[in-house]
Every structure is written in structure tokens, then in C-alpha cells.
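Chain IDs A, B and C follow the sequence of writing; residue 1 opens each chain.
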Amino acid sequence: MRREVPLIITSIAGLVFAISFFIPLLGDAQNRFSDWVSIVQSFAVWLGLLNLTKVSLEKITRKREGWQYAILTVVSLVIMLAIGMFDGFSGLAQDPPVSYREPGTNFDWMFRYVYTPLTSTMFAMLAFFVASASYRAFRARNFEATLLLVAGFFVMGGRVPLFDLLIRWFTDYPLFNQFADWIMTYPNTAGQRAIMIGIALGIMSSSLRIILGIERSHVGGQ
Amino acid sequence: MKRPPQKTTRRIVLLALLAIAAFALAVPAQTTDPSEPVADTLLPDTSAITPSQAPAPVPSVTVKDNPNDNGGAIRITWELSPADTAGGLVAGYNVYRADSETGEFRPVADAPSGTAFATDNRVENGKDYYYKVTAYSQYIDAGEDKVQVQSSGQVYGPVQASWQVFNMDRLICLILVLTVSGSIIHFIRKARRGGAIYVRKIGGIDAVEEAVGRATEMGKKIFYIPGIQDMNDVQTIAGIAILGRVAEKAAEYETWLEVPVSKSLVMVTARETMKEAYAKMGRPDNFQENQVHYLTDDQFGYAAAIDGMVVREKPATIFYMGAFFAESLILAETGNAAGAIQIAGTAMPSQLPFFIAACDFTLIGEELFAASAYLSGEPRQLGSLKGQDVGKAIFLILIIVGIIFATLNIYDLSPYIKVGQ
Amino acid sequence: MASTIATILLILVGVSLLYIAYRTITGRPVERRIVFIYIALAVALPLFMTLPAPVQVTPDVERLYDALEELRPGSKVLVSFDYDPPSAPELQPMAVAFMKYAFKHDLRVIVMGLWPQGPQLANLAIEEAMADQEIAAKNLEYGVDYVNLGFQSGNEFVIQAMGTQFKRMFPQDDRRIPYDSIPLMANVTNFSNVDFVFNLSSGKPGTIEWVQIAVDRFGATMGAGNTAVQAPQVYPYLRAKQLHGLLGGMSGAAEFEKIVEEPGDGTTFILSQMFAHAIVILFVIIGNAAFFTERRKQE
């Protein structure tokens, strides 16, 4: 029973979404389901928040490995939440009301000067990892790998004005830029399309298995 | 014959759910009341109309029901005012609506210059409406003030909005969907009847057992990362399905499997899946809820947290199965540096090169979706893969025919597969 | 002065790379931390240099520009900010240049976000655009010339619901002003009432979802700006004309800044990216040289 209900909900919602693509009248029903999704997702945030707090507090009280980091997690969580709530409520009292996200609020300050640099740092690490992964793994082992290497070489040098700057002594024509654009427009698009068609069919087949209730591992079934 | 009680309850639940679906269908979603007052619009002040300076009116207007929708909309198209030229007098158009030919016309839509259509989305089905389109000017000096003036407009109508049963623009799409779905269902049924289904070997999946075994030998943990998307992404569902199989192996070998997630709903689902897997292997007591835990919804916060865990705890094996974005390489490179054996699977084409460079095995695109069917070994699931191949063959033929037609300039097929409205 | 020091350091970096090449070929590859130092230098040093990068505008950026040029003053443009601060270095320059272009050409801008931090980044971009003298002189009014509808949870389902009615998803804007009281939104019910959609995206929900729902289902006209990592995936939509132009990564930002004549961060940062690419290319060459030497030895 615990499994049947979610399976039936999945089937009905899946069918409504699929059919409404062809039958405009069902658009309203689809919108209603969309509303429900938004509501459920909003509430689900609390689930995660409570779990994070619980796991972190457990770690701290039992002094498990890395418990100091858990303190940081909890403290950051409380500070950000408190500032957001303070700004939110005090903003409501103003006339006209001010959102906690407006420029000039404490929350906005935290967003600009704490959150933004922290997450940007993580993303920036990608540049370092791309370089180290290329150095280690990007080898012309066989014909396909060589092709990939050559394409990568020209795209990397052509998308930025690097190679064209080097040939400036000979010509002003953006030869490498054009070639990189050609690689992106034709071979890349062709490859992407092939993968996308395969994926789309995979999604269709997976979705059908889910709608028909054959695939049920996502509801805890085998 | 008495029906088993379980079946009866099942039917009751099914009926209740159907009732909910019917409710969703029957009660119209919140729509704007057409009669509700419209806010101060961007309409120019027409009090100072000086007809001599007004732009020439639009020569003709066509009003008709907006096609292929569920009603509530009327499409208004017009011929541009002769004064509507680039940098000319016309600044835009106003569309007015009334319930009768002589009734009060109220503004319902506007369009910038050079645009010859607008849609009025606030009408009721089956009711007569009349429309008037005026062209309004740029700001003109009128003594001390600058004013905008607008042309006169003729009344057009009546017109009614209505809903359509079927979106004819999508007929070809429907035929393709039905053909592919039909072939998938056909092969599922065939497999159920016991037909032989051959599925090629997928290297990454065969390595799952070895990877779990390695963690057991080393006495270290296994990390399973189900991507950064929520349960509404099919890739996440595929990832969770594979988690079920990995959890079975982990339960069998009694190895600690940890699943840090970035979405609350994924946490709940992954927990259920693992609980079932442990129960199936006869070790329900070995499963602990904190094996699956939430970190953060934030993409790079999540990547940072996992990187920290990998560096500190040095797991023997890491699985990445689901939807990944720019964090893919940040995770995989850290795992690689920590010496873990890594198996990845994603249908995000732009992340595949990163996983291929940094992981030991990678399931590419559709292999991710095939993996859970493959691992289950269940004929019905394997049958669906075969049906999928038929779909692929159809697309291949269509592409080849399209290429031949286009190259030899025989016939342009593209209008039949319409994109957009 | 800083520029000269930076140039000298870059030359030193080049020379030391030769030593790394020698080490790698002789079977002693360097640790990844050394590679990291080189990338850090390649990114940081150009920021102190004044070398002009000859940016070449590619056809995809030109297409976006052409589509924007077709919009007459007063056209309504919906801009969805579907990214968060990590991707801001690539996408924010596009956002700022777009806002400047839109305001200077009297386009009316409706801003929203499917990512929680999107609308805040939009505020930053608007703030920066407003600092431009020409735009400041226009005295643009919130709610009339531009509006920020804010964030709505629900990912692609938000786009789906907006297909029927924007108001369903945004009953009030980011400043809590009711939808019906916003003059700019008076005649905007759904996608059929906006003239162009521009999406800045770094993942999901993003450009692909906008194309699949807003364009394919509801007939919107759309252009996009994507992070470099995601751009290749969007190319098929460009060829099929579901997308009217694409800005890909930092180079896309620099090209867009060039074509709309609003030089900004994109133009500055492209130099860093250029040197970083050069370093990666050199390391790939070194790695392969070592690989071939080793293979020859084995043979």
C-alpha cells in the first residue's frame, strides 16, 4: 500500500503532463499539478534544514571526526537565518515594504560580501582542475583521442583571441576564431544532437517504465 | 468469490486518487476575472488629442480566436499604420475591447511600433467581443507639455474565444510519440511472455560489484552522489534506481555506503530505496538513517562539502549517478586525487568529458537510464530498452530521408515538424 | 609599472614551463599543485596588464544583436536570471551589457529568476546600468520602465505556469507590489504579450527548459547567455532557430560588449581567460610529449 499510492500518483501526473501537450484543455490540470509541485518543493526545504541541523548537532555532541566543521555549519546557518528573518520582518514594517533582498539590507550585504566570494571561489577551482585533468588525462592515445585533442586545441585557442593574436604579424583575418566557430557549429552540434536524441529516447523509455509502474525503485521498491 | 482485502483497499485508494485528478481537471486554475479593473496602463494621455497631428489609423484589423489553446484568448492582427516607419511618428499601438459595438472600449493590450499583432488573454469563452486598434504617436510638443496623440480606430467584431480539443500543430509529434511508446510497450509485453532480450554489456555497470568489493577489502567507505537535481529530473530517478542495486551489494558485503544529497526530497527517496535494499538482502538492521543525509541545496556549497568529506575520509569508491553541472570536475578531480575508484553516469553532455577524464568508468547519456534496467535483470525492464532502439531506428531513417531531400532540394520537410506556435 | 612587472613575470612563467616540460619528458611529471600555481598566475597577472585583446564577434552573438535591434522602443523584454554568484563572473558582464543596451534603447525590462539568487544579481546589474550617465538622464521609473518580479520556486514548472498567466507565479513583485498595480504588467498576461525573452543561465532550470517550454510550447522569441561549460549543449537549439542568438562564456560576454559598444568586465577578463587557455594548451602539449617519449621507450 505504501508503494502503490505513490505509484498511482506518478502514473496519473505523468499521463496528464504527457497528454496535455497535445490536448490544450488539460492545460489547467497541468497547471494545478505544477502549483502542487511548487508547494511541496517549498515545504521540502524544511526537511533538509532539519536533517542538516540534526546530523550536525549529533556530530558535535558525540565529537565525531570533523565535529569542528559541524559547529561552523550550524553557526553559519543560524546567522544567515537570523539576519534574513530580521530584515524580512523589519522590512515588512516599513512603508512601502522592503524585501530582505533589496540592496542596502544586512542580508544583501552578507550575500554580496560573504556568500558571493565563497561560492565564486568554489566555481573558480574548476579552472585549476581543468588544467590538472588535461595535463594528466588528455593524451593522444588513439585516433579518436587525437581527433578530440586537435579539436580541443583549436577551440581553446580560437574562442579567445590567443591564436589570432599570434598570427597577427601575417594576417588580420580571424582564421582561428572562424575555425573554432566552425567546430562548435557543425561537428559539436552534430555530436550534441546525437547524444540528445539518445538521451531523449532513454528518458522516454524510463518515463514509460515509471508511468507503467515497472520501474519502482524510486519509491523504494525493487 | 471474496476479494482479498488488500485488493479492495487498493481499489479504494485508486478511486480516491482518480477523484483528486478529476478535481484537478474540473476546477479551473486561478484565472484573471476579465471584468477586474486593469491597473494604470502605459497608455498615453489622450485628453489632448489633436487629430491633425495624430498618426494615420491602421488600415485593417483581423480578430479571431487564438488557435490551439484551451480558450480565453483572442488574437488581434492588423496592418501597420502608414506612418509606422523606422524613426517615424508611430510609437506603438493600443488595443481596446468592448462587449458590444457601441459599448465602452477599454484597453486590453499594447504593442510597440513595427508590431502588427497582440493577444488578449482576458476573455471568456463563447462571449461576443468587439475590438478597436489605434496607433499612438511619439511625444509631440504641445505648448508647455509634451503629449502623445493617437489615431482613431474602427470597430471590428464580433469574435468569440473557444477551446480546441487537439493541438493540430503537434500531430506529427503525437504520431512519433505513439510509435516509439508503442514499440517500447510491445517489447515489454514480449519480454514478459518470455522472449529473449539481448542487451550489450555496459562496462561501467559490470564494474559496480568490483568497486563495492574493493571498498570492503580496504575497509573504507563508499560515497554515492545522486546529482544536484530534484526528484522531478529523470536522471535523479535513474540515479536512485542504481543506488538501490549498489545498496544491495553494500548490504551483502557489509560495507558503509554514505549518500550525501543536495535536495530534501532526494534524501527521503534515497532512504526508502536503501532501506528496501538492505531488507531485501536480509540485513535490515544494518541500515542507519544517517547514511543518507542532506548537505545543502547550493550547487557549490554541496561540491565544497563533498570535497571536504572526500579529502578527510578518503573513501575507496565514489559513484556519481544523476544530473551534474559545473561541479562535476571539482568532485571527480578531488576523488581522483584521493585515490578512489570512481564510476560516473550522467546525461548532461557537457559534463561527460570531465567525468571521462577523471573517473575510471563513465555511463554515457542513455546508458544511465539503461543501467537500472540492466542491473535489475528483469525481462520487462530490459524489453523497454529494445523498444527504445526501434525509436532510434525511426529517427535515423527520418534524419537520412531529411538529409537526402534537403541536399537534393526535393522537398522541404521541416514545416511538418513545427517548433513553437 | 604594474604592467611591466606583470609582463616580466609572464615571461618567467614561460621559461619555467620549459623546465617542467623537460622534467615531464624525463619521467618526473610535476605535482598538480604546481599546475595550479601556473593557472593562478595566468589568471591574475593579465589583470594588471593593459594589452588590448582583439575580440572577434562571432555569428551567434551577431544574431542576438540583430534580434535585439529589431525590437522597437517600448518593446517588452522578459529577462530571466537563472544563475547564482559562482557563475556571475561569466554571466554578470552579459547582464550588465544587456541592461545598458535595453535601457538606452527604451526597451521595457521585466526581470525574474528561477534561481533564488537570480533577482538579487539582477538588482546588481540594474544598479550598474543605472550608473551610466546616459541612462541616469532618462530617469527611468520602477514599475513603468522596468520591474523585478523576484524569485519563484518550482523550476521549469514556473515557466509552464507562466505560459497561461505570469500572475499565477508572481502575484506580487520583489518589492511586494501586487502584480495588478504594476503599470508595466498591465497588459502582460503571458508570453504572447512580451516581445523577447532573454535568459541567462548556468544550469537547470535554464536555457534548455526555457526553449522547451516557453519557445516550443508557448511560441516565445528568445535569446540566451550561457556559461562556457554549458554553451555547447545549447548549440543544437541555435541551429534549429529555437534560439535567436547565444552568448557563450566570457568570450561571448566580451563579444556582446563589443557589438553593443559597452565595454565592461567581459572585455577585461577575456585577457585572463586567454592566458589561462594558453597555459592549459601548453600543459596538454607537455603531457603528450611525455606520453609519446614514454611510448617510444616502451617500444
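Everything below uses one rule, namely that a residue touches a chain if its C-beta (ideal position, glycine included) is under 8 Å from a C-beta of that chain, and two chains touch if they have at least 3 such contacts.
Quantities reported herein were computed from a predicted structural model and do not represent experimental measurements.
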item	value
Topological distance between chain A and chain C, in contact steps	1
Contact-richer chain pair (by C-beta pairs counted) among A-B and B-C	A-B
Distance between chain centroids, defined by C-alpha means - chain A, chain B (Å)	14
Between chain B and chain C, centroid-to-centroid distance (C-alpha), Å	22
Chain A, residues touching no fewer than two other chains	21, 27-28, 31, 35, 37, 41, 119, 122-123, 126, 130, 132, 134, 136, 138, 192, 196
Where chain B touches two or more other chains at once, by residue number	29, 230, 232, 298-300, 326, 349
Residues of chain C whose C-beta touches two or more other chains	32, 84, 86-87, 155, 157, 164, 168, 217, 229, 232-233
Contacting residues of chain A [partner chain C, same complex]	21, 27-28, 30-31, 34-35, 37-38, 41-42, 96-99, 101-103, 108, 111-112, 115-116, 119-120, 122-124, 126-128, 130-132, 134-136, 138-141, 149, 152-153, 156-157, 159-162, 164-165, 168, 174, 177, 181, 184-185, 188-189, 192-193, 196
Touching residues on chain B, where the partner in the complex is chain C	29-32, 36-42, 66, 73, 91-92, 107-110, 112-115, 118-119, 121-122, 229-230, 232-233, 298-300, 323, 325-326, 337, 348-351, 419-421
Residues on chain B engaged by chain A in the complex (per definition of touch)	6, 9-10, 13-14, 17-18, 21, 24-25, 27-29, 68-70, 163-167, 170, 173-174, 177, 180-181, 184-185, 188, 230-232, 234, 237-238, 240-241, 243-244, 263-265, 267-269, 272-273, 275-277, 280, 290, 293-301, 303-304, 308, 312-313, 326-327, 329-330, 333, 336, 347, 349, 352, 354, 357-358, 364-366, 368-370, 372-373, 376, 378, 380-381, 384-385, 387-388, 391-392, 395
Chain C to chain A touching residues, read off their complex	29, 32, 35-36, 38-40, 43, 53-56, 58-60, 84-89, 117, 119-120, 123-124, 127, 150, 152-155, 157-158, 160-161, 163-164, 168, 174-177, 217, 228-229, 232-233, 235-236, 238-239, 248-249, 251, 270, 273-274, 276-281, 283-284, 286-288, 291-292
Residue ranges of chain C touching chain B (in the complex, touch as defined)	32, 70-76, 84, 86-87, 144, 155-157, 164-165, 167-168, 180-187, 189-190, 192-193, 195, 202-204, 215-220, 227, 229-233, 240-242
